[in-house]
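One chain, chain A, links the two complexes that follow: it is found with chain B in the first and with chain C in the second.
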Partner chain A sequence: MNVQFRMRTLSLFSFGLVVTQPVIFSAVGYFLARTAGRTHIDFIHTIIGSGVMGLWSTLLFTSFFDLRADRREGTLELLVGSPTSIFSILAIRAFANVLLGSTSFLLSMIVAMSVFDFSIPSGNLPYFFVSLAILLFGFWCVGIFLAHFPVVSRLSGLFVNYLELPIGLITGFMFPVSLLPIWAQWLSRLIPISWGFNGLSTSFQTDINMPALWTYWLTTLGISLVYLIGTFYMSKKLQNMIRVTGELSSI
Partner chain B sequence: MQIENDHIINVENLQKTFYSIRGFWKREKHPVQAVQGISFSVRKGELFGIVGPNGAGKTTTVKMLSTLLLPTSGKATIFGLDVVKDTNLVRPRIGFTFGGNKGLYSRLSGLDNLKYFAELYKLEPDIITRRIKELLEVVGLTGRENDRVETYSSGMQQRLHLARALLHDPELIFLDEPTVGIDPVGAREIRQLVKDLIKRGKTILLTSHYMYEVEELCDRIAVVNHGKVIALDTPAALKTQSSGDCVIAIQTPNGEQSLQGKLESIQKYLTQTHTSGDTLSLYTRSPSKVLNELAPLLEQNIITNIEVRNATLEDVYVDIIKNHAA
Partner chain C sequence: MIQRIYSDIRLYLASAWYSYRALYAWQTIGPYMSGKVVFPIAQMLFFLYLGKLAGVQDPLYIVIGNILLLPATNGVAGVSMTISGEREFRTLPYLIASPAPRGPLFLGRSLVHIIDGLLSTIAALILGVLFFHIDLSHSNLALTALCILLLSATSCGLGMLLGSLSLRTREAWTITTMVSILLYILSGVNFPISALPRFLQSISYCLPLTRGIQAARLAMTGADWSTISQLFTGELLIGLIYMAAGYLLFIWFEKLSLVDGQIEAM
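Up next is the complex of A and B:
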């Protein structure tokens, strides 16, 4: 695992991006809201949402480009040919990616609390940490799912940009999902991180709606497990597919 | 899991077809038969070589045996285990390297590379530490393990590849062109490492373009062309199968044309000829008769140099490939 972390921090530029981007986005979100004349700042969707967006971007790009880097370095064949399943390898990488991306979120929280006087009621802290853990679990499951595509297709990296902002929009990071058209709301329900983010938002409320919170937690866990189990079975089929085409060493 | 007659690799009519997609609007699949039916077996403790021209199917064969590719048809077993059905049982018992600079994380240190791959092979942490230390010494990289792989020379990278392939102490090792792109000193060190591995009881399947290398190292050699084995024997036996026991190399400063009409009397003694630059190589089983005919040409300065030598494995290989192509 520590080798995985070292690989992700090799580039000071990319590591700096993970650190500075959420701070910049959070600040921009806050000042845009103030400039629009809002007296009550929706911290969830301006600042916290920026942090979660940073987490999503980190996970998405590292999941896709990790494997592309493996193809370029010629190590993908060695990974597939090892006794450890590609599912396990990608699961550990996705975990490292989520942990790295969560620094974006934590930094947003620090900015919100230290600069913009945001606070979490002390009684909410346990619910906040549980919601955060469940949200990160959701991210992890989605990350493993996404990471399999570069194994199969050399062109899958082209679609990364199509996923970053649209997923960020329909999962409710930047504004409530209820503002979206019905069809987009239905799409949002298929993604565990939408539910996870709702759980996180609910944990900040002064008067927590516990039935709603439990619904968000259990739905996040349930849909995440569906992704995880589905990816596990898909992984076996993908392994055989790539052993037929023999494209592991081509970029 | 039966191992037949101490053969740990058994390959029966292995075939592999790839599909090349052509066209933009109407995409058509064109089959490319990389391996058209290869059969051979390798004994325990043997160093078995596979040679052949580019595109012959050597690397594809190695990749099928190391479970990276699924064969289109045919069967291959390693330690009595099917490479298709028993993949998870085969992988922990084999190691493999592919030639070239790829296959390592260049921005990590040699040590981190080895640690990562050791974890992939599910080695215990204390074994990882001990094994890495041993292997770094064996491959001669002690003292450089904390440097990034991108700072290593090609020879050092290839040695690190070998160390990586040996981490889990496999019984069988596939080496695909291990000395390609390596300087002569580095290549010699790698060949010595390979010999040491055989002394330790490993079984090795090696592919190479360098005939002197396979001649030096291999117990038996399979010559592969167009996806088929066209010759298989020990280096010594292959040399006796050659069209000529002797090679007479003639240097002609004015080119082969100056010899036109002058070699007709010796044609009956020649089995084949080969031209390279200003040197004409004559293959013959009757060297004395050929030399008698060539002597006057030497006096007339039509030929400036004659060299007589026994056919090398490279000569035999070229002969076999040419005959197969014909």
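Up next is the complex of A and C:
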């Protein structure tokens, strides 16, 4: 994890994702509001949401590109052949990537607090930290799940760009999911980070709806665990499959 | 002289052909077409909902803007990636060592991106008409097509400029990604340039795409050549300046890299 984290923090690519993208997405939201003649913006979605969007993009791209780099540098074979399971390796990498991506969220909080005088009610801080931890756990589980795809196929790299905005769209980081059509709202419910973000948004409210918050926390944890357990079994099958068929570097 | 021109054209086309073989020939129609459908739709919807949240009255402005940005995405990212890709796959030193003229060699690689950008835009326009009810009945289609072709070409100039950085840094792709994202703000895709602070407006007008997108928007509402000619020629001029700057930067970086032996360094 130490190596992974150092590689990430020394990379301009990661820095660019972490810093630039949330700033740009926030700015687009801000200028759109200005164009519409509004003087106030929706802080949760425009500022905080863009930070979470940055976290999502960082996790998605780093998870895919790590494996792509391994494949190109010829270290993927060594990873698959080593006695440490591919699940463990990807889990550790995803954890480092989530930690790095969370700096994007941290930056958005700093901007919200320093530039826009946004504040979290002091009594809400414990709920905020629990919500954040659960959201990051959701991201970690999704990150491990996604990181397995480049092991199977080179073509999966093509889908990275296609996943970023659609998932950002249906998880409602930057606008409420209620704006979306009903079918998209149902899709949103299958993604743990969507519930996790709802929990985080709720923790900012002055009068917290505790039953709703508990529902968001438990649902995030439940769906995340389904992803984690599913990925664990998928990982074992995948490791066996690529060893038996010898297709690790063929596709 | 004629022999030289013939040789350059042959090299340009050969370079375009190799680029096509490397980037697209191995793809199957399914993943390729899904990229042409999923990405534009997602991009349009994402910014459309951002606009809805902000209370924007004209969502089609955002939809059309994002369609017009597609050829630019191909041009900027594609051309830049072509040069950085040579470095990544360790073929750059061979190209640098060859006596082939750099212009046709690298500009030829942009041809497939121009064509692909056009295909992306046509696909996105069809999707825009089907899903977002864009009304093209009053459009000046010939001029709109010309503007889109211009956008595809001028964005390659920016791509060439950014791709040249590959000779000096491994992070050229990162810089390209950041600049590409900046275009969501600076090129008038999602909101008019007039919404930006004055200093950002100045930057915006120094970039390719800004005038081209404005010209294409006007052509889509039925404007004729006399209305858009100033914007069109301005875009063409900016595109040529970027193309020339990219080429000169490439030549300069190439010389620097040969002198200090940094071509494969960080």
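One rule holds in what follows: the second predicted complex is superposed on the first by the 231 of 251 C-alpha atoms of A that agree within 3 Å, B and C clash if a C-alpha of one lies under 4 Å from a C-alpha of the other, contacts with A are read in each partner's own complex, and residues count from 1 in each chain.
Throughout what follows, a residue touches a chain if its C-beta (ideal position, glycine included) is under 8 Å from a C-beta of that chain, and two chains touch if they have at least 3 such contacts.
Predicted, not measured: the structure shown is a model, and the values here were computed from it.
Touch criterion met: A:168 reaches chain C, while chain B stays clear of it.
Using the contact criterion defined above for the overlaid structures, shared-chain residue A:89 touches chain B, although it does not reach chain C. Within the superposed three-chain model, A:79 lies in touch with chain B and out of touch with chain C [touch as defined at top]. The partner of chain A that touches more of its residues, comparing chain B with chain C, is C. When the shared chain is aligned, chain B comes close enough to touch A:240, but chain C does not.
Interface residues of chain B facing chain A in the complex, by the touch rule stated above, are 18, 60, 63, 66-70, 88, 91-92, 96, 98, 100-108, 112, 115-117, 119-122, 164. Taken in their complex, chain A has these residues touching chain C: 11-13, 15-17, 20-21, 24-25, 27-29, 31-38, 41-42, 45-46, 72, 155, 158-159, 161-162, 165-166, 168-169, 174-176, 179-180.
Those residues of chain C lying in contact with chain A across their complex are 27, 31, 34-35, 38-39, 42-43, 45-47, 49-57, 88, 171, 173-175, 177-178, 181-182, 184-185, 190-192, 195-196.
Interface residues of chain A facing chain B in the complex, by the touch rule stated above, are 3, 6-7, 10, 73-75, 77-84, 89, 240, 243-246, 248-249.
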